[in-house]
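Paired with subunit B in one complex and with subunit C in the other, subunit A is shared by the two complexes that follow.
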Partner chain A sequence: MPQPEFIQERLESLNAVDNQLLSTLLHASQAVGTIEELKRGNENMKSQFENHIRSFYGSLEEATVALRREIRHLDENVGTRLLPINVNKKAVGQDNEKMREQFEHLEHEAS
Partner chain B sequence: MSNRGLLEQLERTTETLSHSLSNLIKYSSVAKERDDEDSGEQHELPESTAKNSTSGLMMVNAQTAQLIKGIQDLLVMTRSIREKWLLTQIPDEGVDSQSELDYEKCSQLLKQWTQEVVSSEE
Partner chain C sequence: MAGEEPQANGFRSDSTYKKPLAIDPNLIRPVPSFASPTADSDNDHKDDQSQPSTGVTQPLVNNPYETFGNMPLDQLIPLILQSRGPGTKFADLTEESLMEEIMKDAPLPQAQQDSDGDLDMDGSQLTNDPGQRTPEPQQIEGPAQADEDAVLSQEQFRQLKASTVQSLNLAVNESSLALEFVSLLLSSVRPSAANASMSPFLKKTVPPASLNAEKIPFQKPSSDEVLERSLIAKGWKQRSLEESRTLLKDSYLALEKSLKKEHSYWSKVSHNISKKDVVFKMKDRETGEKSLGIKYGYEDSGSTYTQERGIAVLRHNSKLDNLELVPADRQQANALGKENNEKFVRVRIFTKIEEEDDYILTGESHLDKLLIPNQVAGEQNDFRRQISRLKFFIFEKDLMYQLKRESENLISYGVSIENENKITIEFPTEKLELETMHVNDDVIMNHQQDAPKTNDRKATLVLIMLRMLLVVIYKKQLRKKLLCPQTSIGASAKSPKVHKVVGRLQDNEVLLLRPIIGKFKHESYVSLLKKIIKGFVLDVVEGSSVRKVENPSNTVTIKDEVVYDNHIAKLDKEIHLFDKILEMPRSDLLVETPKAGTILFLLQSSNYCNATTGVKYTNGAGETLFDTSFSNFKELEDFLHFIVSEYVSGGQENGVKYE
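Up next is the complex of A and B:
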């Protein structure tokens, strides 16, 4: 089902946040991998370790900031684009569709 | 408001995440250093060495689990935000009013039909 542009945008940026979170985890695992090498006395892994740690914190920060922005968007749109939470949405407009269908049927029969 | 809760959860999770990696590295070095000291001094491996390395290992495991759990929590959060966008959105006005019913034509049709039905019964 195609979504309105704004919501599509939000969904895409949430996807980007997901990717960032995953890359955070990846950087963490790389950092742990390099510290293992460092323990073995491999001194030239030091700069790599530093890079991985830096990118871990970098991507964590980016993901957090983006997520915070998303929550703010959510906050701003409750009431305009979104129903307040805990309201069950009914299938609005269904009765109109049905009525339209019935009248079309009637018209078809009458002619 | 539940969004306040989301923000707080985000803050808490981020803090745990940033701590858990540094803790992970700290504990891994503690375990290793003690390991080195002990194995350098005495080779018979006293009970304390086993204890230290075991607790170090456990801490490392716990911190790793915390790291993964935190990321999972944040992923669940993005998912719930997505669900909110999709499931509680108010439908656009424009879509609903695509083709307004022609009420006069409808009433005319209804009259015609009632006449036909009633007259056929008589």
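Up next is the complex of A and C:
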């Protein structure tokens, strides 16, 4: 019984945000690495450093934008698709489930 | 006055001024001139000390007289003459004439001074370069204050004066402090000289020779050293950069791993959790991580079982890469060393062997298919199955709990609680055993290997009925909550609304065993009654017969109550389905005799388990002669014997006689 498509989409996009945030870390480490090279006197690393910094900020920005979008989705769907956050869902209907199950058993026995 | 001496000394010994002493007031001077009044106030307390040496103030000012005063006269006089223009004689200069000149020529020097620029600059130029002294004397004539007096207002002048005094005081302070310092430093080497210049305050507070100084030669680092140091510094920087790079990289890799886990967790959750499941945030107590919990208990569906919370943590098993459900209670149970909390209720029927006064097992309830482990490989790990199992087990535990509660009051009807897990119910010919079993392989294997027995079906039906009745109890509980939501679950509400009576029992009473025991008992009562009837009536009275009569009051009438809530209406309907089962058993038997009327037997129960028999004798003429009831079959026998011999048979005899 998988979740509806919309929920799957949200999960996927949140996963993407995770990945973007993760890649900022990678870019940061690359940037530090190029700084190191630069300090060693390797002047032609400059453009690389710039690239790394650019992608660092780029992924950070993408992640924040995507997160905002998700928050907006959350806000929009509370009350329609989702219960309000302060309302706890109740496990109702389990009695009927059990009853049905027992009726099935009964039927099985009676036949 | 003490301070004056070294300064004077300094000027004399160092007429060139190239190397001024550290305490040269002229070097200190620029600083105090900017000093704020607060700085001054800080120094106020030192003023007492410096006041006596007011004489010092004079040399502290950058006073041209000071420098000129130190010149040999043979230099100074030509200078003066030069400044006064050619043709003047030094001898002509008198104090009066000079005074006159100053009064008269006041504007003149100011103009000159403007063109010359800053006073201080002149002073310093003079001190730095003794060769250029020619323009100086003009300043002698016009001191700055006097010059400005003419232009400046009185107020401005006063301000300037005040600030100058302030600066002077400050300078005095500083210089005397410096002097004290030097004196103290000197006191270790030349005590007498130092003593002379030390202030009484210092002498009193600080012991002489307590300050020392040493000359440390400044070693200029060699170029190798410089190189080495910069290399080391660079190396450290490189190293820390490298380290921070690897740190970032490592955390990236670690996070990547945990993200992968997280993503697969969520995808599994989204695939396995349906809308029906109640999922909420909770903390995993074992790992301390934030996690998801799932509710499997029947609490929201009307259960009042509180011994287990019915909550499980959704945990990701990274080894098997699947979702695991760990009940919150099991975590605690594990901590207590108890394991395997999985129990189910098993019903067994034993039949009595008359001759041996012993029982043999003749029936056992079927195992739920959830208990039988993986028919298909890997199915045990199936998540839905895990949930179903948890639901199943908590329900079974609830069932046993309620059964035990009910059994407590049924001891007089052959119901006994043998131990925590076992209830036995004894009937005349058989014995019912309700037992909670731990799920283990042996139990399941034994059951599967056992040959089917005659009463298996009966046992299973009993078990199914018990479960259904528990659900009915849930439903009643739900209805009660809906009807009066303000009363809490456990409290037996006293409000009249709740006194919805089914039979004579209240809503919140446990009704599991009694309906079933009642059915069994009633059956045996009926057969007993029939036996009695046969023995005492049918065998005695010829032509008489017995037949079962439908009880008119047996049909359940659903009261047409005004129900406002759909949910309550639905619950009512569902509960009424079971009224037939829950009602007290009752059988009516009618004995008809050919001539002497009828005897009606009403066999019923007030609490499912006991039996009362109503006997109503109507003679042939339609008169009701007896209408009574017995709870003891022995008394009934005696009474029947009496009726039959006195009325039925007697009547026949009478009839015969009449004939």
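Methods note: the second predicted complex is superposed on the first by the 103 of 111 C-alpha atoms of A that agree within 3 Å, B and C clash if a C-alpha of one lies under 4 Å from a C-alpha of the other, contacts with A are read in each partner's own complex, and residues count from 1 in each chain.
In the analysis below, contacts are C-beta pairs under 8 Å (C-beta built on N, C-alpha and C of every residue); 3 or more make two chains touch, one makes a residue touch a chain.
As the structure is a prediction and not an experimental result, all values here were calculated from the model.
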| item | value |
| --- | --- |
| Which superposed partner A:75 touches (first subunit B, second subunit C, both, neither) | first |
| Touching partner for A:25 - first (subunit B), second (subunit C), both, neither | both |
| Subunit B versus subunit C as contact partner of A:60, first or second or both or neither | first |
| First (subunit B), second (subunit C), both or neither touched by A:95 | second |
| Subunit B versus subunit C as contact partner of A:33, first or second or both or neither | second |
| Touching partner for A:3 - first (subunit B), second (subunit C), both, neither | both |
| First (subunit B), second (subunit C), both or neither touched by A:107 | first |
| Touching both subunit B and subunit C, residues of subunit A | 3, 7, 11, 14, 18, 22, 25, 28, 32, 35, 39, 89, 92-93, 96, 99, 103, 106 |
| Contacting residues of subunit A [partner subunit B, same complex] | 3-4, 7, 10-11, 14, 17-18, 21-22, 24-25, 28, 31-32, 35, 39, 53, 56-57, 60, 63-64, 67-68, 70-71, 74-75, 78, 80-83, 85, 87, 89, 92-93, 96, 99-100, 103, 106-107, 110 |
| Touching residues (chain side subunit C, partner subunit A) in the complex | 234, 237-238, 241-242, 244-249, 251-252, 255-256, 259, 262-263, 266-267, 270-276, 278-280, 295-302, 310, 384, 391, 395, 457, 460-461, 464, 467-468, 471, 474-475, 478, 574 |
| Touching residues on subunit B, where the partner in the complex is subunit A | 1-3, 6-7, 10, 14, 17-18, 21, 24-25, 28-29, 32, 64, 67-68, 71, 74-75, 77-78, 81-82, 84-92, 96, 99, 101, 105-106, 109-110, 112-113 |
| Subunit A - residues contacting subunit C, complex | 1-3, 7-8, 11, 14-15, 18-19, 22, 25-26, 28-29, 32-33, 35-36, 39-40, 88-99, 102-103, 105-106, 109 |
